[in-house]
Structures are given as C-alpha cells and as structure tokens.
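Two complexes follow with subunit A in common, the first pairing it with subunit B and the second with subunit C.
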Partner chain A sequence: MNSLEIAKSCSTYSCWHPLFALEDLEEGGVPVYTQLLDQAVLCERLSEGKVSVRLADQQRGPDRQAEDLHSQVQFGFVWACIGPNPQLLFDIPEYHEPDRRNVCTGVFGVEVSAPRAIENFLDMGHFPFVHTGLLGIEPHTEVVDYQVTVSDEPNEIVATECLFFQPQAAVGSVGGVVTEYVYRVPHPFCAILYKSCPFDESRRDVITIFVQPESEERIRAHTMMSIVDPESSDTSIRLFQQMIFGQDKPILENQFPKKLPLDPLDEISIRADRVAVAYRKWLASGGVRYGVIPGAQAT
Partner chain B sequence: MLKLYDYELSGNCFKIRWFLNILGIEYESVAVEFYPSKEHKSAWFKEINPLGQLPVIDDDDFRLRDAQAILVYIATKYDSSGNWYPSHDASQTGEIAQWLSFADSLTATISSARLATTFFFDFDLEKCQTGGHELLRILDEHLWFQEQQQLEWICRGRHPSLAEIACFPYVALSEEGGISRQEFAAVRRWTDRVKRIPGFIGMPGIFPAGS
Partner chain C sequence: MLYLNGDASKEWIPVASGTDLVPRHVFHGRLPGQELAIWRADDGFVNIWQNRCLHRGVRLTIGTNDGAQLRCQYHGWCYANRTGSCTYIPAHPGDSPAPTLTNRTFPSIEKYGLVWTTLADQPPVPAIEALENHVTVPLRAVSVNASMQTVCNQLQHRAKRFDEFGPANDSQIEVMSSGPMHVEVRQFADLPDASLTFFIQPVDEDRSVIRGVLSGDQALAEPLPLLRFFSSALNEMRDHIESDGLTVFRDTEKISDCPGKITKPVKPSNYLRAPSTQMLKVRVSKKRQEAYGVVALELSPIKGMLPGAQPGAHIDICLPGKHAAQYSLVNGPAETGRYLIGVKREEAGGGVSRHIHDELQQGDEVEISFPKNRFPLRRDAVNTVLIAGGIGITPILSMAKTLSHVNLDFVLHYFVRSEGHTAFASEVSAFEQNANLHVGLSVGHTQDQVSEILEKCDPTTQIYVCGPPPMLDMVQCVSKEQGISEKMVHTEYFENPNTIDLGIAFRVVLSRSNKVLAIPQGKTILQVLQENDIDVPSSCEQGACGTCVVKVLLGNPVHQDVCLTEIEKQQGNWIATCVSRSSSDELILDI
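Showing the complex of A and B:
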C-alpha cells in the first residue's frame, strides 16, 4: 500500500485536520495550496469567516459546494476532512472564555511524522537539554511520576500531575518555578497542554499543537496559545513560542525512523515514558496507520 | 547602549548576538518579528532599513545594516586584540572580505532553502539546495587544505576571524534547509572547533558543543 492508500484505509481519513490559521488567509483572496494526507488541497477564505476547501485536482462543475470537502473554522484555524464521514472535532472550553488571549503562534514545516511531533510535545524529559534555561535546566532533570488516564467519552488521553522545575516557564514568568502540566490528547495528531498561569494561580494557560500531516514524514505544525496574560504583547507571546519550537525542530528532524513505531517492543523499553506508551497504544487501538510503523499484531 | 534589531530564529542576527557575546559587549535587543507577521517589511522598520532586512544596529545614533558590515564595524571598534579583523594586514583582511561575501552566498542559498522548508516561503527549493550543497563542497575542500597546513580556521593565522562568525550560522543550519553535511567531514570538524571558541552561544537549531 502506498501512503495515500494507507491514509484512505485508516481512521485518519475521517479526522479533521488543520490547514491554515484563518488570519493568514486573505478574505476573498486567491485560493492557497497546501498538502494534506498526500493530496494537494486548495483553501479559500470567503466572506464572513466562511471557508471553502477542495482537492486541487477536482474539476469544478456548476454545483461548487458538492465538490467541497468538509471544512470548518475552529480555534482560529481552518480544518478540513477529506473522508466522507468526519468525526466530531474536540473542544477546548477555555478557548471560549472572554478574557483569554487567543494567539496563533505560527506554523512550521518539519520533516517528521505527525505522531513523532505529538510524542515530542508530550515529553517533559527533553526540557533541560533542549529548552535549556527556559522550560528546564540541569540538574533538574527528573520527571516525577504522574497520572495517565485514557477515557472513552470523550475518547482521549489525559496526563495529570506532571511537575517540572522551569527556569522561565512562559514569556510572563520571572524566575524559576515548579510548573504543573496537564496534557490532553483528544485527536491522534493534536495535543493540548495546560500549565500553571503566572498571572492567576486559579487558572491554567493553554498551549496547543495541531499537526497537519502533509505526508507520512512531513508535517506543518500549527501552534496556538490561549492564555491569561494582561501584559505581554501578541508579538512577544509568538516570539517565545517560536524560540521553543525552533529548538524542537532539529530534535524532531533527527528522529529515526521518522514514523512512530507502535510495536511495544520497539522503542518503549528504552524510553519508558508512560504517556508515550499510552499514546502509542491508543493510536494502535484507534486504528491509526498513517505516519506509524504498525505493531506486529496489526500487520 | 548598542541596539540590535533582532529576530531569534535568524542566522544573520545570531551571528551579531554571538560576536557581541564573545567581546562581552552589552546590548539592547529590539525584537522584529520576521515570521509570521513580516514585521521587517513594515513601514516603521523600512524607515530603519529601506531594504527591509535584518539585522540592523544602532550604536550611539550610528546606524548600520547588513550582518557582514556590522561584524566589520564591531570588530574594528570594539575588539582591542585585533584578532578577529586584523585591519593592518592586507592579505588577511582581503581573505576575510572574500569569505564575508561567501557568507552572503550562504544566505542566498541555505538560508533561503530553510525559509522554504520551515516557513513556507515561495522559493525554488531545489535550486537553493543545489546551490547550498555546492558552497558546502567548496568550503569543505578549502578547510581540508587548511588542515593540511595545520590551519584550523578559514583564513590564514592562528586565531579564528570574522570569516568564522559570518559563515558558521547557515552552515550549522543547513540540515533545516534539507542540505546534509554528511559527506563534508572537514566542515563537520570545523563546526566542532567553532563551537569550542570561548564565548560561543547557541540559537534555536544550533546546540552548543558536546550536545
């Protein structure tokens, strides 16, 4: 099976996938190309926040809408589903709170599979070595034990009580603190991170990664923050996030193999990270075949 | 205080930050968001640099653009050792100028390839990659011959020069543009040596020595 056939044969085809930040598209402008699951798609921003997404090689007849793919705008992004029966897109309730700053922090091209990018996002162990002086610092390298639960309704992974010492946890932080993280994985290629908010102890900042799989080994990583921060400018929020992502990019691109192995014996014994183990199992049981190397049982 | 119009993910801005760090010069960084908002093309920044390019410095109201020109200015004004830019020595300064120009070619090829792969700039990626690969080959051959003469650096002399500062960043970022350094062993030995020069700092995508 080639990559396109794999996409069509697995649950990935009925997922929603992010394509663009709405603000990056010009209203009434020319349709913009991008790639999704090995297919070229065209995305067009119409008036009043509406969008139209279609396969680029699709001939257009008189009934334009009949040829359009399923699309929607959510969390400031255009999402599309190529398959005929889209699954429900997850929600992020905090996003809708009126006093939140919702900032699209940029899209970055990376030569890696979508699940590798998600797994990296879930991994705190790399903070002291990759995000030195910001999200972690030696000798504070220990990831204390945390809780991982997998639920059916909604179908997602939640990791809680992830405590980590961070020298500069966010753009608004002054000095080092022990930060508490909560991770949610509500979608095979999307993850949400909740972390202590430096401005309000009772609330949590939200950082998301929405991965657009261009192909099995090439992604566009869309990032977004939904935070309580009355002080920092949008630009400084974006610049902080870009710096973090710029540090992750070479790590991601040096992953080998680029696809994520799902066989429990493959890599898990050496990297016994519990959320990663849960994520790989969850992908396998959810029938995800795209961007992964299936385990022995699945082949 | 010296002011640097700066973007964290730019290799050309990084070389200025790094050189200022080597010389121990304090400066104020003014962030200009190159991506995604293209602030370097904004009206306010074009008043500072009509070319709409980073970096730019402002040193006591003396304003200068172009990374290579800025390096020459900083070395001439602030490096009392004279090692980085020996302006009294004709052949050394001539060589350095030659490699500063080579650094511009690295920007036109490797940096452009990286902008295409990472930030979706509409460049001819294959052409940039081919051009960048060819420049790395030329640098590799040059460094190999230098090594044969027990010379560790790009230019003649026992001390690294501005040629190191100017050329290193986009060589070190080549993989982000999809240009492998696998076959260029002399280049890889040189990047390891450069990372051990006192005062080295990294940037996103460039890690310090030993990691």
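Showing the complex of A and C:
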C-alpha cells in the first residue's frame, strides 16, 4: 500500500487537519497551495472569515461548493478534512475566554512524521539537553513520575503532575523553579500544554501544536499560544516559540525511522516516557496507520 | 587478476581514515544499508556503532563524545566506550540501567592509516605486502556515484592514465594486483619505493568511496606533491566514471534515510535489574599489594570485552566450592578495558578473600558475575559528599572518578586506620583538594568529624557512604539527628547488620512453576525453594548482595535485607528470598 492508500484506509482520513493560520491568508486573495495526506490542496480565504479548500487536481464544474472539502476556521486556523465524514474537532475552552491573547506563533516545516513531532511536544526529558538554559538545565534532569489517563469520552490522553526543574520558568523569576505542566492529546496529531501563568496564579497558559501531515514523513507544525499576559509583545512571544522549535527541529530530523514505531520492542521506553507509551498504544488502538510503523499487535 | 565478485560482507571494509577521528568527535560512516557512528575514545579505542540511540532512534553522530562515553543529544543517555552499554539515563538518576541495554557495536581495527570494520565473523585482517612495514599516508577519500565493482574496474583501466598527469615526466604506473575491494598500483620511476593501493568502500548499491593509501619511506618524506597530484587525479577519475553513464542517480531522500534496519534492542523484563545468573571468565592480569591486608586485582577479559559497569557496581567472585563474595569495581567511566577491585583479607567469612590473598596468582583465571549495581550514583546533584571507611573506598572511588569526569562538584572523605591502611592512596590524592584523608581517628572523633561534614551539607546535597556496618549506622544516625532526609543518604553494606527474624510462617505461590510451598518458622524462602529443587541463584545468603532477589507479583513482603533500595522496598515488587518474609499469608512470586 502506498502512503495515499494508507491515508485513505485509516482513521486519519476523517480527522480535521490544520492548513494555515487564517491571518496568513489574504482575504479574497489567490488560492494557496499546500499538501495534506499526500494530496495537493488549494486553500482560499473568502470574505467574512469564510474559507474554501479543495483538492488541487479537482476539475471545477458549475457547482463549486459541492466540490469543496469540508473546512472550518477554529483557534485562528483553517482546518480541512478530506474524508467524507469528519469527526468532531476537539475544543480548547480557554481559547474563548475574553481576556486571553491568542497568538499564532508560527508554522514550522519539519522532515519527520506527525506522531514523532507530537511525542517531542509531550516530552520533558529532553529539556536540559535540547532547550538548555531555557526549559531545563543540567544537572537537573530527573523526570519524576507523573499521571497519565486515557479517557473514552472525550477520547483523549491527559498527563498531569508533570513537574520539571526550569532555570527560568517565568519572566522575572530568579533562579530555578519546579514548573508544573499538564498535557492533553485530543487528536492523533494535535496536543495542548497547560503551564502555570506568571501573571495570574489561578490560571494556566495554553500552548498548542497542531500538526499538518503533508506526507507520512514531512509535516508543517502550526503553533499557537493562548495566554494571560498583558506585557509581552506578540513579537517576543513568537520569537521565544521559534527559538524553542528551532532547537527541536534538528533532533526530529535526525530520528530514525522518521515514522513512529508502535511496536514497544522497537525503542526502549522508560518511566519518563509513560505518556509516549500511552500515546503509541492509543494510536494503535485508534486505527491510526499514517506516519507510524504498526506494531506486531496492531497488524 | 581480478576478483570482481568480491563480497563486501565477508571482508574488512575501510570506513574512515584514522585522521577523520579527531578527539571528541563523532564521525558519520556508512555501509550499504547501515549508518555508523564512529568515534575514538581518549584511550585510543575506536568504537563503531549502529548510528541510532536505543531510546528514540536519534542519530548518535549528533551526540557528544566526552572521551569515555558517547552521549545522545536528545535525552542524554550515555553509552560506554568499547561495550556500547548504556551506563546512565539522566531522566532517572537514581536507577541503574541493566547491562543488557547495549547498543549494536561492530568490530574495529586500524591499519594503513584507515579504520576498518566488518559484518563478518573474524575474517582475516587485510594484508597488502607493499603496505606492510612501511610508512603509510591515506589519500583524501573520494566519493563516487557508482557501484563498488564499477569503481574497481575503472580504477584498473584508468590507473595507467594517472601518469599523464604524473608528478614527474618519467613516472610509470602499472596495476600490480587487485583484490575484491582493492587495486594496487605502482610504481613511479623516480620514486622506486613508492606504492599506491586503492581500497573501495561500498556505501550503497551505487555509491562508493575510494580510499587510497600511499606508502614508501622515501616518497613520504615529502608527501605533499604526491597527495595533491592524486587528489586531482582521483577527482578527474570520478568525473569520468560519473559522466560515462555508469552512475545511477538515486532519490536523495532514500540515500539519507537508512541508518540500518531497526535491530531490536535486548530488553530485559525489567531494565533496572540485571540478570544475576550470567557468569564470565576473566584473567588476573595484575595483582599487587595495595595497603595492609588489601590486594588490588586487575581482571582482564579472556575473550571479547568486559560488560560495561556503572559507578557503584560490584561483581561476585566465584571460587569452586566456596560461597561467592562481592567486590565493588574501582573503575571510572574511562576505564573499560579491565575491572579493578580491592580485596581485604577477612579472617572470618567464606574464605574467598584468604584464597585471593594467599593462592591466587597473576595469570590465573577466575569466574565472576556480570557487574550488578545496587549503589547507583545520581548525576543530578549540584553537590555530592562521598564518605568511605577502609575498604569501602572502592565504590566511592569509582563514583568520584565519574563525578569528576562529568564535572560535578563533590567532596570525598576517606577514613582510614593508618597511612599504611590507605588503599588506592594515589588515585584518591589525584582529586587534590576535593579529597580529605582522615587518619587514625577514634570512634568518637570519627563521629564528630562526620557531624561536621554533614552540617555543611545543604538540603540538595546527595550523600554516599560505604564502609564497615557500624560506621554506616553511625552516619545514618547522625544524619537523622541533623534532619537530613533519608532520600539523600545512600549506603552500601557489604554485610547485613540486621538480626533476621524467621518467626512467622506463610506460603509462597510460584506463579511460573505452578507450585505452592509452605515456609515454616525458622526456614528462609530460599532454603525451601532449594529443598524443592527450584533454582534461584544465591550468593551471600544474608541479604546483602541481592543475588537471590525475585519479583513479587502479589502480597506484602517484610524486608530484612540491605540490598534493595528504600524505594524498591516501599514498592514491594521485589524480595530478597534469603532473609525476607511476608506479612500477608501468601506471597505470589514470579518464578
């Protein structure tokens, strides 16, 4: 089976996938090409926040609307589904809070599979080695045990009590602090991180990664932050996020195989990888076959 | 004479030039279908490994060579020089990875200035007469988009044309001989002792690297003109080969994309606990008097390499007809070629130490266990205090070597009876101001000294203590008085000071053997297992060495040993069958 056939035959086909930040498209401008699940698609921003997405090789007949793919705008991004019956897109309730700043922090092309990028996002163990001085610093390398729950309704993975020593957890904090994270994986290729908010102790900042699988081994990672921060400029928030992602990219592109192996014997997992282990199982049981190497049990 | 069907998989293949392996660098090598991470340790050993971290598959060539170990860039897993075994997982500083957690390694030799490996089992080492016993200099490696055979062929036909660009007008070049992967040409009329041999490294089905080696004592007195000449001649040859349509251009994506098949790492059922039954034969390569009543032994492999060891690890020495005895390794991370232990002569006990002192000779063979570690060293502490009493210096010294290797702060305190009792004095003094020797203190003064040391510790200081049981008890007592958290004080007992209570009777269910056995008062689980011919390895039989530990599936063990860590005891997943009991009526064991 080639990649396109795999895409068509697995649950990924009925998922919503992000294509562009709405703000990056010009209203009424020319349609823009991108790739989704091995197919070229064209995306066009119409008036009044409406969008149209279609397969690029689709001949256009008189009934333009009928040939369009399912599409919607959510969290500041254009989402599309190629399959006929899209599943419901998850929600991020915090996004809708009126006093939050929702900042699209950039899209990053990476030569890796979507699930490898998600695992990297869920991983604390690499902070001291990859984000040295920002998200972690040696010798503070310990990942203490945290909780992982996989629920059916909604169908998602949640990791809580994720503690990690960070050299400078928040603007203005001096010396290291143990920061607490919560991770949520509501979609095979999307994940959300909640982190304590330096400006309001009762609330949490939200950082998201929405991965657009261009092919099984190439992605565009769309990132967004939804934060309570009256001070920092959009640019400084973006630059920080770009620096972090710039550090992950070379690591991701040096992972082999690029697809995520679902057989637990292919790669050694440790307690710190509990969420990754749950994620791999969840992908296998959810019938995701795109961007992964199915394990012995899954086939 | 040509051997064009030479099969690279049966030969030694040159994969790098010796000069590619600069200190602290990791070189990216390649064979068909297999990427290689090639690095030289500070002791000169050349490691050739599968280019893939066991954890998340990251290329090891983007990792760091610290001279003794290779560290992965992603999560910092450390792999030891020579063995490739994983010695440290930073995310869990208190655990020790099992020695079976080992990267895939390939054999390596260095010859003619090139580094060679092989996928075969011990093929004969390459021997080209013209290169033996001469000075050799490798040419710049030239990569060609053509198969090994094409390149081999072309080299033979075109070698003659080298003289067209000859360094001297009257040079003559002839093909002398050739093998499956090499072509030997010479000679240069004006340089009679010069000779040139090409080795061809297959990289892919349709990519190869030409590695030339120049030899000749006289010619190489001034090699530069020759090197320049061949460098441009080879470039020219590559252009010819590639423009002759002998090349197949491939999808570049595919080329960059195969660090080798995924070979499944060997995963023990629990990566924290090493199999305790594996034995190993070694040779006593050195025996020397180290201090009063202490000899040091160096144990070298008889075949292959010794398994990697972590700081704090020990081995069992097994002598026929005697109970095994445990000895900590004094090895630092850079010392992987042999094990170093210190043996104190014990008048009591099973007699192993007396045998070692009185009978064992340099050159003798002994049987030892794989290294096991129940005294793992955390490398995530900003400060570490190491306290040793007497022969307890052995694991403490390996910890000090490790901390100093990875540049973490530590202070070492070594309590000895007299100067003459100071084992490994020179290794200790190498730590200069980080090492403090306390000679001849009374019990009371030792305690005062320990209080003083512990008072200076801040709450994040990790404390490691090894020595005679009364000293360990004293340190634990003092640290408790000072309110130091139990978690920060790590001890290793060479013997179990607990009085063992065999009062309560209970049952054990052996899940895998499908048996239920009653453990009466006065008998240990281990004894009952042995009476019933159930084979559980054991060694000290007093709850100190950890050899007889088995997995508990259900039930509440009552621990009386000193080999499991506090955390392991709380989790209740393991039991030392030689001393520990059960508070539940039944224990279900995984045997």
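To be clear about the criterion, the second predicted complex is superposed on the first by the 288 of 299 C-alpha atoms of A that agree within 3 Å, B and C clash if a C-alpha of one lies under 4 Å from a C-alpha of the other, contacts with A are read in each partner's own complex, and residues count from 1 in each chain.
Assume a contact is a pair of C-beta atoms (placed from the backbone, for glycine too) under 8 Å apart; a residue touches a chain by one contact, two chains touch by 3 or more.
From a predicted model like this one, the values you see are computed outputs, not experimental measurements.
Enquirer: Counting residues of subunit A touched by each partner, does subunit B or subunit C come out ahead?
Expert: Partner touching more subunit A residues in the overlay: C.
Enquirer: Considering only the touch criterion stated at the top, classify A:Pro139 as touching first (subunit B), second (subunit C), both, or neither.
Expert: second
Enquirer: Between subunit B (first) and subunit C (second), which does A:Gln255 come into contact with in this model arrangement: first, second, both, or neither?
Expert: second
Enquirer: Counting only touches as set out at the top, which of subunit B and subunit C does A:Thr235 meet: first, second, both, neither?
Expert: Only subunit B is touched by A:Thr235; subunit C is not.
Enquirer: Please work out whether A:Phe129 is in contact with subunit B alone, subunit C alone, both, or neither, and reply first, second, both or neither.
Expert: Both partners, subunit B and subunit C.
Enquirer: With both complexes superposed on chain A, which partner does A:Gly286 reach: first (subunit B), second (subunit C), both or neither?
Expert: neither
Enquirer: Report for A:Gly246: first if it touches subunit B alone, second if subunit C alone, otherwise both or neither.
Expert: first
Enquirer: Just subunit B (first), just subunit C (second), both, or neither: which does A:Gly176 touch?
Expert: The answer is neither, since A:Gly176 touches no partner chain.
Enquirer: So, does A:Gly109 touch the first partner subunit B, the second partner subunit C, both, or neither?
Expert: first
Enquirer: Using the superposition on chain A as set up above, list the residues of subunit A that contact both subunit B and subunit C.
Expert: Looking at subunit A, the two contact sets intersect at 129, 250.
Enquirer: Quick one: which bits of subunit C touch subunit A in the complex? Just the residue numbers, please.
Expert: Residues 35, 51-52, 54-59, 62, 73-76, 89-94, 101, 257-259, 262, 264-265, 267, 271, 379-382, 408.
Enquirer: Help me check something: in the complex, which residues belonging to subunit A touch subunit B?
Expert: 21, 24, 106-111, 129, 220, 235-236, 238-239, 242-247, 249-250, 253
Enquirer: Quick one: in the complex, what on subunit A touches subunit C?
Expert: Interface residues on the subunit A side: 119, 123, 125-126, 128-130, 138-143, 250-251, 254-258, 261, 265-272.
Enquirer: Touching residues of subunit B toward subunit A in the complex: what are they?
Expert: It comes out as residues 8-9, 31, 33, 35-37, 39, 117-120, 175-176, 178, 203-205, 207, 211.
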